[in-house]
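Input: structures, listed below.
In the two assemblies presented below, subunit A is common to both, partnered first by subunit B and then by subunit C.
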Partner chain A sequence: MKKIRDAINGVDLRRFRFLLQLFFFVLLVYGGYFAVNLGQSLPTFACGFNDAGRGGICYLLPLQHQLAMSWGTLFGWAGLMVLQGFLFFALWFFILNKGWCGYICPLGTIQDWITSLRTRLGVRYSRYTEGQFRRLSLIKYLLLALMILIPLGIGGALLPHDMGTPFCDICPGRMIIPMFTGDFSQLTIDFSTKTTMVMTALGMLVTGLFLAGAFFKKRFFCFFCPMSALHYLLSKPALLKLKKDGAKCTRCGDCYRVCDMEIREIADEVKEPRIMQDDCIMCLKCVAHCPEQGALKATFAGIPIFESTEQGFIKRMTKGHHDEHKPQ
Partner chain B sequence: MNTNPSEATAPAYNRSRQAREAETLLDRIQDDFPDNPQAMRYFYDLFRRVYCQGEPVKHEGTLVGTTCIHAPEELIYAFGATPVRLCNGSYHYDQIGADFMPAKSCPLVKATLGSLHAKAAVPDTKSLELIVNPTTCDQKTKASAMIEAMGYRVHDLELPPAKESEEARLYWQRSVRRLALRLRELTGRKLTRNNLRQAMARTARAQTAFRTLHQLRKSAPALFLGKDAFLVTNAYFFDDLDRWTAAVERLNAELQLRQMEGFQAAQKRAPRILFTGSPPIFPNLKLPLLIEEAGGVVVADETCSANRMLYDMTAVDEWLLNDMVDGLADRYLKPCTCPIFTRNDDRQRRLLQLAADFHVDGVVYQAFAGCQVYEMEYRSIADVLAAQGIPMLYVETDYSPDDMGQLSTRIEAFLESIKTRKRNAR
Partner chain C sequence: MKKSTLLIFLFSMSMTQALRAADTLWWSETMPHAEHGSSQHSHGGPVEIRRGIYHKNLWLRSGDGPVDAKYLDGAVSGRILLTDANGETKELSGGNVHGSYGVNFAMPDEGFYNLHLIRESVVDGARQLTIAKSEPLKHSCREGHDHVKPLMAPKRSSQVPMEIVRQRTADENFHSLLGYGDTASFLVLYQGEPLAGAEVTLHTARGWRNTVRTDAQGIASFMMIRDYYPPWHEFERRHRQDYVVHASHTTDDAGTTDSGSYTKTRYLATLNGSYYPSTRDYRSYAYGLLLGVFALTFTGVAVYFYRRRRQHRFHEVRFDEKN
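This part shows the complex of A and B:
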């Protein structure tokens, strides 16, 4: 038992994550070809516009559609349908918590690949300043609010119908993910009405920003992601948890250094054991880079599944010291 | 220990006061205790050769002195230079250095100044081409100009007085980059990903060896004595890095064997002591030695001549120069429990955790007379320990041997009270 645990805690997290992310990427982006269908309430950007390959559908798409129904329908029988969709979404999320972001989300994975490309090219990363960080992390809540309010406005006939699914219009997933199955049709500006023109042009812009941003900043887009905002509202009861034992923490800051989401609390907070912050993507890099036995751990339904250990830390760092070819 | 004739014509180093000081201490460390680990011979011999006979330690490239643990050694190694830590523990130099500092100053700073002023100091100060002086406590900060006046080149490595804020962290990262530039000028070499990575691999191996030794000291009854542990970490100040690491690895292997054989380095009931405060630096191992001569055993420490210097490890996410250098900067700032920083909750938590992990019975707090920061933190540390029911002995002392008698009485009384407590608890 102890052997197994040591092996898990000593895992080469980078490789493990790479493989798992690849697996889920294939499942969600190409799964459709193998008749995989995980439903339409997935708490991750399995883009619904990827008609041919999708192995399930990103919940934001049906959510926006549903909310845009006329109020009469929405607050009537269809309300139940909305509720049901949300319930499935919550259930999926309940199992893995933000692990969906660190291990499954195709957009997250693409950003990590871009990061890999950057490090291979020997280009350094950029970081936000602390002030920028605090302000930026509010944007996702704003996007979430708009994403709910605009369709509601349409349903109430307060806004024009061609705003349809406003977030999808500007979501980089819509343009990028279908490309992986050879579908470049989303990569256009829709000139049918003025609104669609503005929105799709904005979408182009966001996609460009997504690609460029992710090149310089690790997980650039995740800081603004409304899905992540929606996640955080539900994350308290989820089964997968990130825990910290502050007494064992030396506040060395190693975990904070490696955190793609620049979450300072992961290093500095020593009183609260439930350490997950709203931007966290549960990549568990912090756990892998903590040299203190048991200071950080991921638990599933209360059972520790991955824990920081001295041995694991040393093993991973030694690999870095001696890895000749890859800067990653 | 043979001296060849050419050395004999040089000034009789081995009869200097410093050499005798070192010798007396080494004799006590070696002879007062039975069953010293075989692997400790390397360290005993090293100190005898270097401190008692004045044998120079060979070094690669430029020799760069450091006056505190905040100077990132990996950078120095990466430039092909060799760091040597100048913090000094000799009473002889303390007296020489007294000329430079006000009467009530820290003996460590005085001794460091004294050794830099002296002609044939140990470790070797003649070949220093640069001294990196982190701006830590007031006394070290002000020592900088005095060292410069002696004719040395000094780099003031600016350290922020607080370490919590992001501003402090960035300031320090810039400061470390500036040091890299200075080292580039000095050595004429370039910092590259590969030479830094190699340097980091070497210190990481040393830190790993230290951690293994540290963990072995958790075992109860004790496997290993604190006086030897301090000697090992003190050798790190000046010894060749890889040779030091190999010697510690041999020691670890021997201790692991001892562990399997159920060996005991101290009595089962020997009070287990956690040592904190001003650093014991060779040859001033007075206090740890007195504790162990009185039947206690120092099982762990929180001092910058041992644990604080070697325990913490650097994490790197992307093995590119920028991330490695920033990672190093963080390693030398964030986990540091030095009392020069504004707050000391990290030090408090570290002590409590060490006390728990090492089954500690009591804490001995050494404050050098004149080291204000440690003196000032005494109260807050005493309070948190008292709240956990851990007894603490606060000892204000310096490098002079005069208070030995009085100290040993106090230590004996402290150890006795711990034993009584333990008996009553059972």
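This part shows the complex of A and C:
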């Protein structure tokens, strides 16, 4: 048992994560071709506009559709259907918590691939100042609120119906993910009404910004993702958890330096064992780069599944340097 | 017989007489009288929703195409058969629906329903069998989309001698709309078998028509033309327009019916449908890509110059150790 545990704790997380992300990317973007259908309540950006290839549908699309029903219907019998959809979403989410962002989200995976491209080109990445980080971090909650309020306004006939799925209209996933199955039809401006024209134009601007932003900033879009905000509101009872033992932390700051989301609390917080913040994507890079035995750990239903160890840290840090130390 | 019933019967009979035997009949989803209000939009066209159940109204019209066809005020003789989404057929009776002759039926299940009117008459020694068909769809996104594929296939009726079957495209689903520039294909069946060489005519909402003959597989195809030219601020991408397809076939079948004897039989099948503006009419790749590339370039250039501005040239500071 100890050997298995040591093997897991010493795993090459970068490689493991790359392979897992690739698997889920294929499953969610091309799964439809293999008759895979995981339903329409997935807590990740499995884009519903990817008609042919999708292996499931992002919950935000049906949620916006349902909230745009007339108030009489929504607050009547159809309300049960909305609750049912939310329940399925929550059940999916409780299994992996924000691991959906770090390991499964196709849009997150695309951002990681763009980051790899930047690294290979030797271009340095950008970081936010602490003030910028605090301010930008709030945008996702604003988007979440708008994503709920606008469809409700449509259902109450307060807003035009052609604004039906406002977040999908501006989500870069709508434009980018269908392209992987050869569908470029979302790269258009819809001139049929003024509202659709503005929303689709905004969508294309956000897509351009997404591609450039993801090149210079790791996980650029995840700071603004309303799905991430919705996740955080539900994250407490989830099974997968990130924990920190403050007594073992030396505040070396390695975890903060490797964090794609620049979460400072991961290094600074030593009192609260539940260390996961709203921007966390549960990539577990912080655990992999921590040299202190058991200071950081991921648990599933209370059982530690991956924790920081000195051996694991040394093994990962010396990877690729073995040949230098071998006797000639 | 009550006096009022007798009056209604006589009125119906008189209207039936007003409809000429040789008239082309077809079903329409378009409400004849605007003052009766409008129906609710659904993915299968206009519907009335009563206690959560979709109800479809279809009106019978007489005439070649949508431009000049009349709605009928009185009853029309003939059998009306409804085949539901599960393939079960029952007989319906028509009546006054919002001021004109039509039918109203519930569509509780998801999928395509087939409605047929079969009308027989003998005129000038020729027997005419008119088969007016409509294929309304019931779909609500609330029912989900996982069940759609098996329900896409068109139904064929064994109870009608001739019918037109709209062919599905490979990627068609319950949300698919026929648009300008798209090709619509129709299979003509006579006694359940494809009919080659039949004359098929398509009439569009503004009076354009085209006639072709079915190929060896019994299929006739038409490219839908664009015939909607409003000012931009009045443009509606969901602007529904009716089309109607006629197919005719004549045989030497002779015989005698209650209406008289005949030396030949003419079959006239009709099928109605709807078409909409094409996405190509209101979607632009050029502007979309222009905006996307602009945002990408602008952000890239802005980050580059921001970084350059923050780079400070190295200044060597020398200290005089004597001080």
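Quick note on the criterion: the second predicted complex is superposed on the first by the 319 of 328 C-alpha atoms of A that agree within 3 Å, B and C clash if a C-alpha of one lies under 4 Å from a C-alpha of the other, contacts with A are read in each partner's own complex, and residues count from 1 in each chain.
The rule is simple: a contact is a pair of C-beta atoms (placed from the backbone, for glycine too) under 8 Å apart; a residue touches a chain by one contact, two chains touch by 3 or more.
The structure displayed is predicted, hence computed values, not measured ones.
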| item | value |
| --- | --- |
| Which of subunit B and subunit C A:F216 touches, first, second, both or neither | second |
| Touching partner for A:Q40 - first (subunit B), second (subunit C), both, neither | second |
| First (subunit B), second (subunit C), both or neither touched by A:F191 | second |
| Partner chain in contact with A:M204 - subunit B first, subunit C second, else both or neither | second |
| Contacts of A:A52 with subunit B and subunit C, given as first, second, both or neither | second |
| First (subunit B), second (subunit C), both or neither touched by A:R264 | first |
| Complex interface listing, subunit B residues touching subunit A | 164, 166, 169, 193, 197-198, 200-201, 204, 208, 211, 215, 312-323, 326-327, 330-331, 334-335, 346, 349-350, 352-353, 356 |
| Subunit C residues within the subunit A interface of the complex | 52, 141-142, 144-146, 171, 232, 235-237, 277, 279, 282-285, 287-289, 291-300, 303, 307 |
| For the subunit A and subunit C complex, residues of the former touching the latter | 37, 40, 51-52, 65-66, 77-78, 81, 126, 175, 184-185, 187-193, 200-201, 204-209, 211-213, 215-216 |
| Parts of subunit A lying in touch with subunit B, wherever the complex brings them together | 119, 122, 124-125, 129-130, 246-255, 257-258, 264, 267-268, 270, 285, 289, 291, 310, 313-314, 317-318, 320-323, 326-328 |
